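Got a structure here, written out as structure tokens. Questions coming.
Labels run A, B, C, D, E and F following the written order; every chain starts at residue 1.
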């Protein structure tokens, strides 16, 4: 599967700046990368494709342009079509509810495809990063950002409890709950420094370029390692987040009884002793 | 329901400093707001009442006087009556145990009524904040404090594993476990700065007055937003804390299929585009 | 049970620097305290023994020598014998998998014996603290370290997803997930300061000696308290980490209906009022 | 607490046909014991009172008259007032939803008070046993019935998914799921014999009198046993139903470390060896 | 959406024998309806389509021909291509494992689409019903069968632990565990009578025609009821099977706060009092 | 490992009546196989040994003599030494509780070793089967019995809530809860026929000899199958009992990605097509 198979997507640019390192760029900069419904459908499709693409071992998620990672939902578009605007298909409260739920769950599943992607995903935020910026990057594995990033869990300001993942994933990101409720209930902005202090991001860099540079460096580092070890690590940590420690240990034992049967361990140990870089086959 | 319905409580003063903003003040300052059994019974009743009071959209919890939010359990009183002192009603270990458990669970339920209150609760701590101060404020949504606050998980010093919520809710507050065990096992004091660094509080202010001012400002901000959005946000985050991310997402979809049928979304979106403050009906 | 019963262990030195304070030292400094299989078997046995030893009320875990708490698995030894190296007992993938799983689970159980030890365990890290250093100390209750400590979740560098506890316990230690995935996926070093900032350790001290001094001070403080209160506190916090808040509260009520029937509460309350140190019987 | 304290209830008759054996009779036979809202509020209060009444060690739940245990919700009354009928307090879908949820949860809590009652509850069904008859008796511990009983999970016939417990508790009663879904989706009647075959009831007797006689016999038998043993047995089985086997075993160990400190064990063992009936103190 | 949209499927015939009643027939009778990989892919697509088709309110699943519902996996085909046969894409045990897991999970998801279908599904078994017959029908809501049905959990006879659902769903079907392990470990045949006795099926009829007749009758009965009530009932029972009773009650309250806002309740109650059949709008 | 390694056990006779079929006989017939503490310690050791013994593929558990599988705990012995009798090591209620809990958990772990044994275990009950007979056989996979078996969950008669597994495992055995609570609360006897009707046993045979004959036949059948398939089947079903269906499916996928890499599948499929018995290597 070559990068050209990614040319079909309209609102995202997918490139491979280094071997095994994919970059997915939200590409609607003239509208601050605001999300239309068609965009999260594409986003889901992209990450499902990358998940089993042996040419990708790690993914960087970025937003095009200088001003915003994304300003979130395109509210104007949403007020004209889609779940929030739609002429209700039924005057019956229950039937309207069922239609809304189908819609919400499709939307959630598209974002969750980032979390389910077998390859680790590093989000690089910058500038305006509102609403969906939080939902989407909470489904990523690592978040870093530029110093100028302005974050906000915006939804409460349009009468909504954020429903595409923020309220479920923010507590699971191990940021302090007192802070998490503060920003979700007030919809106030918070800065890169504050995001770092509470652990929402794990690195702040001087500019978008510097943050992206760091992500690419991290991506290259990960791409050089055994893909068996890397992908299994992501998978186990996602499982452990949602289960007891004992269930996590059992899971590890079951997964590793297969994964330890890889040549990669022997190759990595030998390379380590010989102080050279090992080569691993695709996955 | 008007504020006057709150006059019946003896150890707490309930006021509404701003529209929709309730303030609950622990009012036993001559004893450092130390808790008698009658007080946690009152506390439970107050928060059950506020939970469905349409005049309250957010609650501030404070302690009267300059010296203490609360020094915790009134040990002297407890040593004379109540579960820790009581002439055992039975000489039989099992029967005594059953009596003790009923007592502990009633106590727990009173504190849990803060967590179950449908409206968000902001705790403002200052001065001495020992033992029950931690149990009680961990059931609140947001914790901020004055710089002079002295915290301590005191119970181990009177031969007890803290049993009214601290040991269950501190890990769930997403503070680092190594630190949490340190303060619970040693019963040592910790400062406002330390509390901020680990995320136990999300803000430290120069004085009690400044902290309260900040809480009221936050309260007014929340009170202006859609109560549907605000209360649903609290509810979903509490659910998510205790369930897997996938269960959380399902919960969100089920709750929002009803909540999105509110006029508040349209009002908020329109007001947003017109740059004016929306008005929302009571809840 | 006297300290002399601990002399049988070959790779660990067990001492009691103060009454009720046990110290367990990893003792293979000439190899940077690297772990052989026999060592984790011993480690499991030691903590199972301490768990019910009434002379121990708290445990300090340290590494001998100046250079390393432990450099982790002895890779050279592991490449010659043991699960990673072994001539597979069967050419059948499934049978090999079953053998590997038995091996992994035995290994996990030995480390978990630290978590299950009824007495609190304080880990003191210094110098090189790689791989198993993380797995082992995540099973401890409190982690502090010397300023010169170099940490690394090393396993991905030898083709492995860390399988002895790090990936299950790091999310449960309430450190930020973005950071946790960064260090697990890249295997990069991190410093004592970084470890403190994210909450992996709860204290950094100028030298190994200073850190050990602090641990002993904390140990003595804990040893003076009611062992009923201390051990119940550890137990409840471990339970709460893995369960919902409501399940935690129920657990507390069930445990404390027995534990409150201790003389220690009355002794502690009386001593507190009389401003003197209480004495508690063994447990 | 004497039986006279139970005279305040209007729609239920509470008697003590034998020492320690309480009988609660639904008493609206002229309307087939159909439930009004005030009745489930009373039902909740009754079982909360019995839960800690030392004169009750076991409870029998029956319906007055020959024709029905209960025909379920009084639909005519419900269509005129209450949640299903009420002029919506708000034209806003979300606000109406919140009102409905508060109402449903109050209703559920009243039924759940039977399950939470510390004393075992034996339901004796006869004649028409529709809708709420299933919800209510699924919260009991043991169900037996007269041969003429006609059961039906009726709710789907009035446009409702049964929301007061049937759909949650029927799967947990360990009846075959294929059968459970059949009767819930079709709202068809089923007989006493069918109920016995699938395990919904554990005994069928020739008449209401015979079934009640059997329940009283069972009640007397239970009343003679150690109340510590009996109440702990109910509690552990309810816990185990909702948790893993390992969590259940831990729960048992925690509860029994207190409960085994009862004189009842020694008394029961001695009485057993001496072939006489032991006497136990109240609980 | 008309039935003609279902003509694209090659191995299944989809008809609507009555209004709102869909019938899905496995159609490979010349091979005893044995499953090829393409067939479960089709099966998944069919049930995902029906799930939101407003013309379907209930589904009947049957097998074409007199001899078999299905003999299970087409072993001969499977030995030549697919996961069990495939020339391993890699000589590396871990990489082969990852390929196998992706394959198993796709297969599982196709079967699970029956369980996730919003409309209830009634399975009608007859004749040979081996292996996948059990996996597939355990994902249905109700199972009935002809007297001549021969069941078997066949997988252990081809060296496999049944991996497409039987081992996970059989315990959740509330059949006795001792029996369930017997048939899974021995792969022995069991009869319709035995299946009824343990509750695996909830009805046995004299012939395939009689069983299908019963299913159609049940289907028509369900199709006449409020689709809001019916679909919510299926959904809540599936949720409850996997969660605690308290979580189930909360789920019910959240779903019904929307679903009770349907016109269907009023229509059904009125029709009930007027003894006529109500008409409900599509869903 | 040859059968002779099993000669060290004093209260159990271990034989191999057929290749790969182990039989464990409780051997204290002169005391109705009543259990002393030393016996459950032996029982735990035996099943831990069998778990990894490649010569055992299935285990039959029986009781020596004609009169009883086991009459349960040896009450007379228990009243003189052990947890129920012991002169409390401390006059402190909490310290006594901790001792009791350690004792209960050791006892539970010994019984749980049957459940954790990797090989399936078939229990054959006969005659008196009281108390521990239920606890022990609920940890087995399949239960069958002789027609003369008299069962009783006896513990409540000696003032105890059964604490070695019955109350946790009976609900998980998928027997109807109404019946389960009946027999646990009344301690009444129940017959083989009743046990079969509710699914506690899955077969009743005319005599102990006939039941044992059936078990051996079943054992031989299982012993001939792929041990990979058989042992994985037991493991997955035990896991599924305690987890959601979706967690079960994930577990299956993780286990089978290793287990499908066995030669056994190819051997079994080929043998099946050639209508001959396959041979499998040890596990």
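We adopt the following convention: a residue touches a chain if its C-beta (ideal position, glycine included) is under 8 Å from a C-beta of that chain, and two chains touch if they have at least 3 such contacts.
Each chain and its UniProt protein: A, B, C, D, E, F = Enoyl-CoA hydratase/isomerase family protein.
The shown structure was predicted, so the numbers you read here are calculated from the model rather than taken from an experiment.
Asks: Treat touching chains as neighbours and tell me the shortest step distance from chain C to chain F.
Replies: When the steps are counted carefully, the minimum from chain C to chain F is 1.
Asks: Count the touching C-beta pairs: is B-D or B-E ahead?
Replies: By the number of C-beta pairs in contact, the winner is B-D.
Asks: Taking each chain's centre as the mean position of its Cα atoms, how many Å separate chain C from chain E?
Replies: About 48 Å separates the centre of chain C from that of chain E.
Asks: Measuring centre to centre with CA averages, how many angstrom lie between chain E and chain F?
Replies: 33
Asks: Identify all positions of chain B at which a residue touches two or more other chains, and write them in rising order.
Replies: Expected reply: 93, 96-98, 172, 174-175, 198, 228, 241, 251, 254-255, 257-262, 264.
Asks: For a test of understanding, state which residues of chain A touch chain C in their complex under the given definition.
Replies: Listed in rising order, the residues are 120, 141-144, 172-175, 198-203, 218, 221-222, 225-226, 228-230, 232-237, 240-241, 244-246, 248-249, 251-262, 264-269, 272-273, 278, 280.
Asks: Residues of chain D touching chain E in their complex?
Replies: Those in contact with chain E are residues 75-76, 78-79, 83-84, 93, 96-98, 100-101, 104-105, 108, 112, 115, 155-163, 165, 167-172, 174-182, 184-188, 198, 241-243.
Asks: Quick one: which bits of chain A touch chain E in the complex? Just the residue numbers, please.
Replies: So the residues of chain A touching chain E come out as 52, 90, 92-95, 97-98, 102, 228, 231, 258-264, 281, 283.
Asks: So in the complex, the part of chain E that touches chain B is made up of which residues?
Replies: 251, 254-255, 257-258, 261
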